[in-house]
Amino acid sequence: MIEMQDVWKEYNNGVTALQGVSVRIAQGEFVYVVGPSGAGKSTFIKLMYREERPTKGHIFVGGFNIERLRDRQIPFMRRHVGVIFQDFKLLQKLTVEENVAFAMEVIEASKRLTRKRVKEMLELVGLVDKAKMFPNELSGGEQQRVAVARALVNKPSVIVADEPTGNLDPDNSWQILKLFERVNDRGTTIVMATHNRELVNATRKRVIAIEQGQIARDEERGDYGYED
Amino acid sequence: MIEMQDVWKEYNNGVTALQGVSVRIAQGEFVYVVGPSGAGKSTFIKLMYREERPTKGHIFVGGFNIERLRDRQIPFMRRHVGVIFQDFKLLQKLTVEENVAFAMEVIEASKRLTRKRVKEMLELVGLVDKAKMFPNELSGGEQQRVAVARALVNKPSVIVADEPTGNLDPDNSWQILKLFERVNDRGTTIVMATHNRELVNATRKRVIAIEQGQIARDEERGDYGYED
Amino acid sequence: MPETRNAGITAMKIRTYGRHGKEGFKNLFRNGWMTFAAVSGVAVTLLILGVSLIISVNLQNILTNIESELQFNAYVMDQVPTSQLPAIKHEISSLGGIKQVTLITKEQALSTMKKTLGPNADLLNGLGNPLPNEFVVKADSPKTIPQLASLVSKIKGIQKVQYGASFIPRMLSIFTIVRDTSVIFIIALVIMGMFLISNTIKITIFTRRREIEIMKLVGATDGFIRGPFFVEGTLLGLIGAFIPSVILNQGYYFIQKNVVLFPPFALMPDPIVMNRVLPILYAVGLLIGAWGGIMSMRRYLRV
Amino acid sequence: MPETRNAGITAMKIRTYGRHGKEGFKNLFRNGWMTFAAVSGVAVTLLILGVSLIISVNLQNILTNIESELQFNAYVMDQVPTSQLPAIKHEISSLGGIKQVTLITKEQALSTMKKTLGPNADLLNGLGNPLPNEFVVKADSPKTIPQLASLVSKIKGIQKVQYGASFIPRMLSIFTIVRDTSVIFIIALVIMGMFLISNTIKITIFTRRREIEIMKLVGATDGFIRGPFFVEGTLLGLIGAFIPSVILNQGYYFIQKNVVLFPPFALMPDPIVMNRVLPILYAVGLLIGAWGGIMSMRRYLRV
């Protein structure tokens, strides 16, 4: 369960990215976050795993009270949230499989389980043959798929994805979406910021539209909107 | 004019990204490059401004014989090619306007002209109010628009863009595309790798489809293809 | 989900320590020339430190040697019979701070004088012996010489005490200055060396701040991230100390064997010097390598 | 498009040099603590180098002072009349490499001896003067003393020449060793200092390799990218040399004024030392700052 209560976010340079956002996302929901560039989607998402801290308001994610969290508890909260970053954030010194495995090493999973899960995930995103490569040897879309694999490998109870298909062709985008839907079917909450009108309109899930830091629309089975 | 003659590209790790690509793009053409993730689109584009060098074959861009170019001539070639990188490649230590101005300082344009052009470009991409911010204070889409502004500010004779709308909402994507069309109308060659089916299908320009390092399709007034 | 999740902090598994060791070792190679730059920076700094330490240790030793040779003479009154000389000697010896008392009889003194005069010595013939019996007194510390001399001069039977009055204080002030300077210099050098090394490591880690931030965002605890850095820093400090220690050991051994110097200026034997110098090098290298690395990455952990 | 484009290489506009200066200066601040780390690294290295140089310069000076005091004695035959002494003195002086010749008459020698003997001096009374006339000879260089002594001994009227035969060669070997060691040490230190500084700068630039690559991809020439780096490196070296030069100047001035030492061990005056030491610091700082920076960025320009 994710809940935000009147959340404001003002960055250090004075930009107010979010202004009084309140939202409730139940466990197991699938939510699209849409909106124009610079509207505050990434900020909205970054608050959920505490990459950014709200200036005001309360945030709860899967039983954790985000602002009250002590520094040493943060990593344990983050292990319940799989994140796909807009800029991938892969570890450049690790190979593809090591990057994915890293998320499991962090929770001290056994070597055998790690190997098995990593292999599964790389198969799902279609990167088995690139397992030994380093991120800077991959195409943009391949890097994005590594990020997806890393976010899912731990079977987190929440997945937040910031434009996870921005660098992918429609085919691959669909594949990732189907992967998300499968994971979602098993009860995982999914919050996905996206610009992909095709995906949103074709799947009809809950859509939260953010504009200028505020929730402009929140529809069950909504569409992308912004048609001209 | 851009011409490739039987171009091959094998990366150091043994991946063959392009296999015998031959293509001719006339001055003033507008070309979409499409294809699945990892097909070789970015490689194809990187060869045009010599970020990567071909393993075999010949490349000519706007009068320059790319492989024959002496090291000290490379910068002068690059000034005729405006590049929008898939990963933006903004200078993190410079503000938005300084990033855009940099491309003009490099050609030692006068201060006055630089100021004027930078302002124009920031207006065109809608970032005037973010002029004094640093790249890490921008959203993904805003960074991408800065990259667009920097590529266009010099009025280069060729523009190569690697997924310039990957991080943009449909509205902003359309705006960028219209900007490209205006520039194209003035005689600038545009080569744009994209995954955006909507844009490609709506504008009907020449489409080069790359699959597994080879040109699979090259159509005047083509569509995105890959419909399922 | 229950609120009890907040208590989810557990001790690290043993297996994980193994991983840290392996990763730390791997990183050393993955960071390629950066590791090389850091190690060589540490090595050069410690080499300078080591050479200075060796010089300082030897200097201290030479000063001690010279000091121990400082002495004064006590002349015995002519009327004191030879049989009483041992008693006086004993009296002098029993003063605190005396290192050695040597009797030079008037006969010994005369023959020394004759040697000094050389061919003119004949001139002393038929004169009898005009010279007195004397004691040569060495003190534990040269600083106490003036004081001891005045005590000795008051002993019954001692006519006069003589020492290089102008020479000793002058020597002493120089000794004190050289010694204090060299200690201050070495301490300053150790601090500066620590600064230089931690500076190098700080910059090295700065290049990896993004890496650290990403790990943090993926759910790694501070300890988990620190582990490999700790191993890497330790290895870095160890190698960085090992190189100069080998150079210094071999180099000093060679010099000490081949450069023949005379007693007060002699170089101290290899093992004694190295036993004092090498531990300092390893301590500085290891401490700053491991601990400094951990400290300078701390700021990037605040994500 | 015409092939003539290949000839599009032009000289840089004057305005652009102004830009380089401004950008280089700005970068110093924009790189924040990185600049601080680099500058302080350079400063500390140069401080160590400077202190060593000062010590070395003074050591050389002290050795020269001591050497100049080394001397030998030439005893005149008894039968030579006093009137002939000036002639002998002149003969000694006219040998090459003689610094000073002083006559000590037998009367002066006797009174000195009486002073040495103190109360026992009476014993010499009625003896006449058994001591010879002598010359005290100082040489330009202590190395020539044995040779000069043998020449002087052959002069007519000279009976015997005496010098601390065991003392001089021993002193000399130590002097030579100390001097050579300190020169080698300083040269090694300069090289290591250069290495440390260029290492720091190399790592600093490594953190900016992406920046350099991007500039290259946007069409900047190597010269255009180097410009601000050159300015930044120069400033960095300048500041890094300025800090220790101020510390050394003030510190040495203070020490030299407050520490009173006696002639052969006296510290050299402030301006003379600084005139020798500071140029070396600035040279090392500037050279490595500017040139080293440019060199270590070279590899990132290959884009």
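Labels A, B, C and D are assigned to the chains in the order they are written; within every chain, residues are numbered from 1.
Basically, a contact is a pair of C-beta atoms (placed from the backbone, for glycine too) under 8 Å apart; a residue touches a chain by one contact, two chains touch by 3 or more.
As the structure is a computational prediction, the values presented were derived from the model and not from experiment.
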item: Chains touching both chain C and chain D, listed by label; value: none
item: Label of the chain whose CA centroid is most distant from the centroid of chain A; value: D
item: Between chain D and chain B, distance of the C-alpha-averaged centres to the nearest whole Å; value: 60
item: Whole-Å gap separating chain A and chain B, where each centre is the average of the chain's CA atoms; value: 28
item: Chain B and chain C, separation of their C-alpha mean positions in angstrom; value: 65
item: For chain B, residues contacting two or more additional chains; value: none
item: Multi-partner residues of chain D (at least 2 other chains); value: none
item: Graph class of chain-chain contacts, one of line, ring, star, complete, other; value: ring
item: Chains touching one another, given as label pairs in label order; value: A-B, A-C, B-D, C-D
item: Residue numbers on chain A that touch chain C, as the complex places them; value: 1, 27, 49, 51, 62-64, 69, 71-80, 83, 85, 89-93, 102-103, 105-108, 110-111, 150, 154, 157
item: Residues on chain A engaged by chain B in the complex (per definition of touch); value: 11, 13, 15, 34-38, 41-42, 86-87, 133, 137-142, 144-145, 162-163, 166-174, 195, 197-198, 224, 226, 228
item: Touching residues on chain C, where the partner in the complex is chain A; value: 1-3, 5-6, 8-9, 12-13, 15-16, 19, 27, 30-31, 211, 214-222, 224, 302-303
item: Interfacial residue positions of chain C with respect to chain D in the complex; value: 34, 37-38, 40-41, 44-45, 47-48, 51, 75, 117-120, 123-124, 127-128, 130-132, 159-160, 162, 170, 173-174, 177, 185, 189, 192, 195-196, 199-200, 202-204, 206-207, 259, 261-262, 265
